[in-house]
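In what comes next, subunit A is part of two complexes: it sits with subunit B in the first one and with subunit C in the second one.
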Partner chain A sequence: MESLNERLMSALQQVSGYIYPNEIELHWSLLIVIYPFITGLVAGAFILASLEKVFNVKELTPTYRFALLTALSFLFVAPLPLLAHLGHPLRSYEIFFTPNLSSAMAAFGFVYAWYLMAVLLLEVWFEFRKDLILWAREERGLIKWIHRALALFSTDVSEEAVRFDEKAAKIITVIGIPSAFLLHGYVGFIFGSIKANPWWSSVLIPIVFLASAIVSGIALVLILYTIVTLLRSEKIDMKCLDRLVEFLFYAVIIDFSLEVLDFIHRLYQSEDSIKILSQMVCNKLFVSLVIMQVLLGTVLPAIFLVFFRYSRFPEELRRLAYFISALLIEMGIFCTRWNVVIGGQLFSKSFRGLTVFKVEITGFEGILMSLALLALPFIILFVVLKILPPWRISSLPVDKN
Partner chain B sequence: MKRFPNQIIRLIIPFVIIIAGLLIAKKFLVPASFGKLGHFRADALGEAMSKPIHYVGQQACADCHDEIVKKKAASYHKGVACEVCHGPGSAHVDSPTENKPPAPRDRGFCPVCHSYNPSRPTGFPQIVTVTHNPGKACISCHNAHDPVPPHAPEQCGACHGDIARTKMASPHVDVPCTVCHETPTEHRMNPRMYVPTIPANREFCGKCHAKDAQSAKEIPRIDMGTHGERYVCWECHYPHLPQVYNGAAK
Partner chain C sequence: MKISENLSRREFMTRILDFAKKALIALPFVSGFGAVKAFTGGAFLKTAEAKELVAYDPSQHLYAMGVYIDRCIGCGMCARACKKENNVPQEPFYFRTWVERYQILKEDKTIVDSPNGGIDGFPETTNKADVLRSFFVPKLCNQCKNPPCVQVCPVGATYKTKDGVILIDDKYCIGCRYCIQACPYGARYLNPVTKTADKCTFCYHRVVKGMKPACVEVCPTQARVFGDLKSESSPMVRLERMNKIRVLKPDLNTEPKVYYVDLDGEVS
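Right after this comes the complex of A and B.
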């Protein structure tokens, strides 16, 4: 009894004003910040890839396959933060076996499975099937068998079959765009539909999430494309990079205007929560929201992007500026997720007090775990790029029929 | 004639295997009683019911501690259950002499509810723990089962700490509470039965602030006819911190 009381007392020291007992400790921790961050990257990278496929943006061809594989690598990791946070990964199959139709959270398994199995894997498979077969023909040893197995042992590379692959990939992309919207819109919906939390409860949230997802996905592909091309000592396709930057800029503008709209909407509606929310923004979230998200993560890189896109600086300098801006944007989007997830739990639902969030270092939900989860997709991508090098063009010709 | 594309067949095979595998796994993995009563395992009810009970409720104590229960029921702590202070009592009820429940005898516990906190409701008895008779256990002066102060608090601030502290830093610091609130002495003993008055109209403040008021010279004057139109003054001035206009400091 004493120790419980002491624990409570020491926790209460960090609290300002009045909060309910179950609000002292935050229940959704760092891992839940990472979850929408990663799903956002997946959706964003995929939408970028579909630009090339569906809307025929020719300049982006060098990043098409690359963006697909990036989305795939990150998608593999997307559910891991949730599994680690819930702490019972061995029970995860239950959301498939006993589907709960009245729970939005329980729908995640199906949203995820649809996107992975019906969209991304299929599209990657149709995209690479021809190459897998042709590569396997000129290879030997283990890699030959891996490539053959990945092609599901199909051997048909007639022109007709290849045409069919292309058509299939295109149809899947067309299905994939709404699916990507669904995937990340769904994550936003999880937050936006929580009536009791005025920081989350907003119909705009899914849309804001989507816009920021697109921003983060494009920035990620830009960063990875730059790094990987340099590592391969190839020349960066500057036309492609410029086009990427244009799209990135548009996405940033849309995302930022939506966020501002949401902000004005809240201010003008001025519901009873507005006092505590503005207190929170001015104190607890000042650094992560005003400075890191808005100034360093949005305004500064947006100015950078336009300035360097339309200036006549040498290419190296422009590339560097793009790269830094994309990094800043990525940091800004991470802060966006942080501000949504952590911010929504910092204020009391009595609207009378604020609590604090203490990040652990070790532990299941700590910083080390989070860093590991953030590093994992890059490791997976490295392996995927080894097995499915998007830039490798087979020297063998397609069969004629 | 067009062939059925070979790659579709190749794709269908693994999909069929996966889906069939899942359907078979579902048969084995979903517990038999799932869904009988709702979206949960019906057997879980029995398991939960067989778990040990920790809390027994106040009625259980009455069998043996009749006097304390009665005393407390008539006291200010009538809304505070025994087990809030003494912890879960199930083991004690089963074998009273072997399992004695702890009692919070030191100063650490009572302030959980009684330390000063501006967001507690008006009139809730609160103390500033560090200045309220430091060094002595609360129970040396207050009976936990029938908590009354040894004598009625003289100062309004003992119960209206927030207001008293606010007023302390306002221009009204020298205007005693009782000038504006006629307070029956019984209010200090029995606050809910004997309620003080609250100023009713604009003219009340005018007694000191009107142009023609008989009051000290340094008190700022206003034109009662035009200032603030016909609203009561506390639409705009919080009376305990009157320099605050409608929430914004001047």
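Right after this comes the complex of A and C.
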């Protein structure tokens, strides 16, 4: 493994123009790319779930619980890249105990705790409580106790109690929508509030982050719903998939419009940083921004989605096209995060030079660690789906009053 | 020991001293020789330090640095002294202070460099005949009045002292590097040994004792000036009175306290 010094020395040789000497080390690397990617997936999946619950989009019912559990599984992993990135992870608790209230990052602990405890866990609990009790009644052994414990040993499945659950879940979703906006908008604010960095410093960044979060969340649920349904040898609800694709398309259009607006605004204002930013986009970020994010990750899948949504191709082909488009979109959103986080550090704050970023393979900030962190939510989701199968309907009826 | 009601002052003092003597003799047996050494030596040292600290009132000072651009010869002594004084890693990626060379060419092009922060001097890189003007710019933490690094630190490990210096508590910093991102001047780095953020402190350990920062002390041309803005006799006050001064990136409203005399508009 290359040592830090060797890596920095080789980066030093590849600097073009002038950068401040302390800027050779790129401070936020792959893990900080993954962090907004994962929180975006959480926020997006939750907002998708809320479409069914609050806005009564009935076609999306098959994905409602699924989206909730996806959001929950990814939320568990969201703080890990941050934690692994810290120079002193064991001091991280200080963010909770002695937060500096003027710091956007200090809000992380509270926003995260609020979203996990007050929104997602509560909503999942109210959504599954009735089923947990009914499942436990027909089960034996360990799983019975797991389900009883998860229901917090409540036993009331009267019609009145179930009505209350539904009402509670709905209220939590209503609170959850602004919370999801807060969660990801706040991640955008961490970057957008850095006035020293013209690539980040923009009021639009939190909104762009939100829009791209919704895109990534819907695409993720579409991908997972397709895979899991096929693995269960069940029939995919095509009406649901079509509706998902429609929402995905709207979200892509909003996200893309905002990004284009941001781009035109920068170009038109043409501030002192424009030269170096143009150089960066045309050289260092050309592949990841122009090709992967814009062409392959946005324009191509958007055309695919519209074309196949309104074509008369057989269902299987449409499903395949949707699936590939969603994968491309997901790749595009990952590139969006990459371009924001890494792009923001490739140019010098002296606006006179560009530096390089070399991805490590091993090590705490390496590709292997990143892949592990990206795989972890899927493993958690697998376990969660085993314990709380969203498609399982109890054969027992609820108790009559 | 029975304490009589009519204990005289002399008797009281004698008994106290007697008790102290016995306690000192008994102490090695109770807690070992090392403890006594720590008790005697350590206690005295602490008292001396405490006296010094009590004498120093940070609210009575406001430190700033001035740089005469035209006096800087780019010898790099300041950057070298800083690394020694503050135990900054020697590798060319970590600097509390560095010197930049600006070469403005006749063909409307500006070349900026700072090889190893200027520590090893500046080799000639351009044809002299092509250069319109050239100068050196020493850089360091600007000890801003509105420091973005302090604003963003999630745990308050970096803070502003009453005498206007921005410091970092390395026992408290979690190493998130947000402050490094927020500094517009590239003045911060992550110390690879402590894994915490680090930067110039105006040699705070020296200035509270009435000494100058190491870079100012070693500058052979007095290009760097250090002083207290609250003291009329300070060289900084004179610098402010006698010169046209500029700060770096004034549009960011950070209000730096490193003032440059005759700074060229090219400098960023």
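Just so it is clear, the second predicted complex is superposed on the first by the 387 of 401 C-alpha atoms of A that agree within 3 Å, B and C clash if a C-alpha of one lies under 4 Å from a C-alpha of the other, contacts with A are read in each partner's own complex, and residues count from 1 in each chain.
Basically, a contact is a pair of C-beta atoms (placed from the backbone, for glycine too) under 8 Å apart; a residue touches a chain by one contact, two chains touch by 3 or more.
On a predicted model such as this, the values are computed, not experimentally measured, just so you know.
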| item | value |
| --- | --- |
| Clash-or-fit label for the pair subunit B, subunit C on subunit A | clash |
| First (subunit B), second (subunit C), both or neither touched by A:L86 | second |
| Partner chain(s) touched by A:I24 [first = subunit B, second = subunit C, both, neither] | second |
| Partner chain(s) touched by A:W125 [first = subunit B, second = subunit C, both, neither] | first |
| Partner chain(s) touched by A:F108 [first = subunit B, second = subunit C, both, neither] | second |
| First (subunit B), second (subunit C), both or neither touched by A:F351 | second |
| Touched partner set for A:G366, first subunit B, second subunit C, both or neither | neither |
| First, second, both or neither for A:P389, with subunit B first and subunit C second | neither |
| Partner chain in contact with A:F164 - subunit B first, subunit C second, else both or neither | first |
| Subunit A: partner with more touched residues, subunit B or subunit C | C |
| Common ground on subunit A, meaning residues reached by subunit C in one complex and by subunit B in the other | 5, 8, 18, 94, 98, 100, 102, 350, 352 |
| Complex contact set, residues of subunit A against subunit C | 4-5, 8, 12, 18-25, 27-28, 82, 85-89, 91-92, 94-95, 98-100, 102-106, 108, 190, 193-197, 344-345, 348-352 |
| Subunit A partner contacts - residues on subunit B that touch it in the complex | 3, 5-7, 10-11, 13-15, 22, 25-26, 29-30, 34-35, 39, 87, 102, 104, 108-109, 112, 117-120 |
| Subunit C to subunit A touching residues, read off their complex | 91-95, 98, 100, 110-114, 116-117, 139, 148, 150-157, 172-178, 180-190, 192, 194-196, 252, 268 |
| Touching residues (chain side subunit A, partner subunit B) in the complex | 1-2, 5-6, 8-9, 17-18, 93-94, 96-98, 100, 102, 117, 122, 125-126, 129, 152-154, 156, 160-161, 164-165, 168, 350, 352-353 |
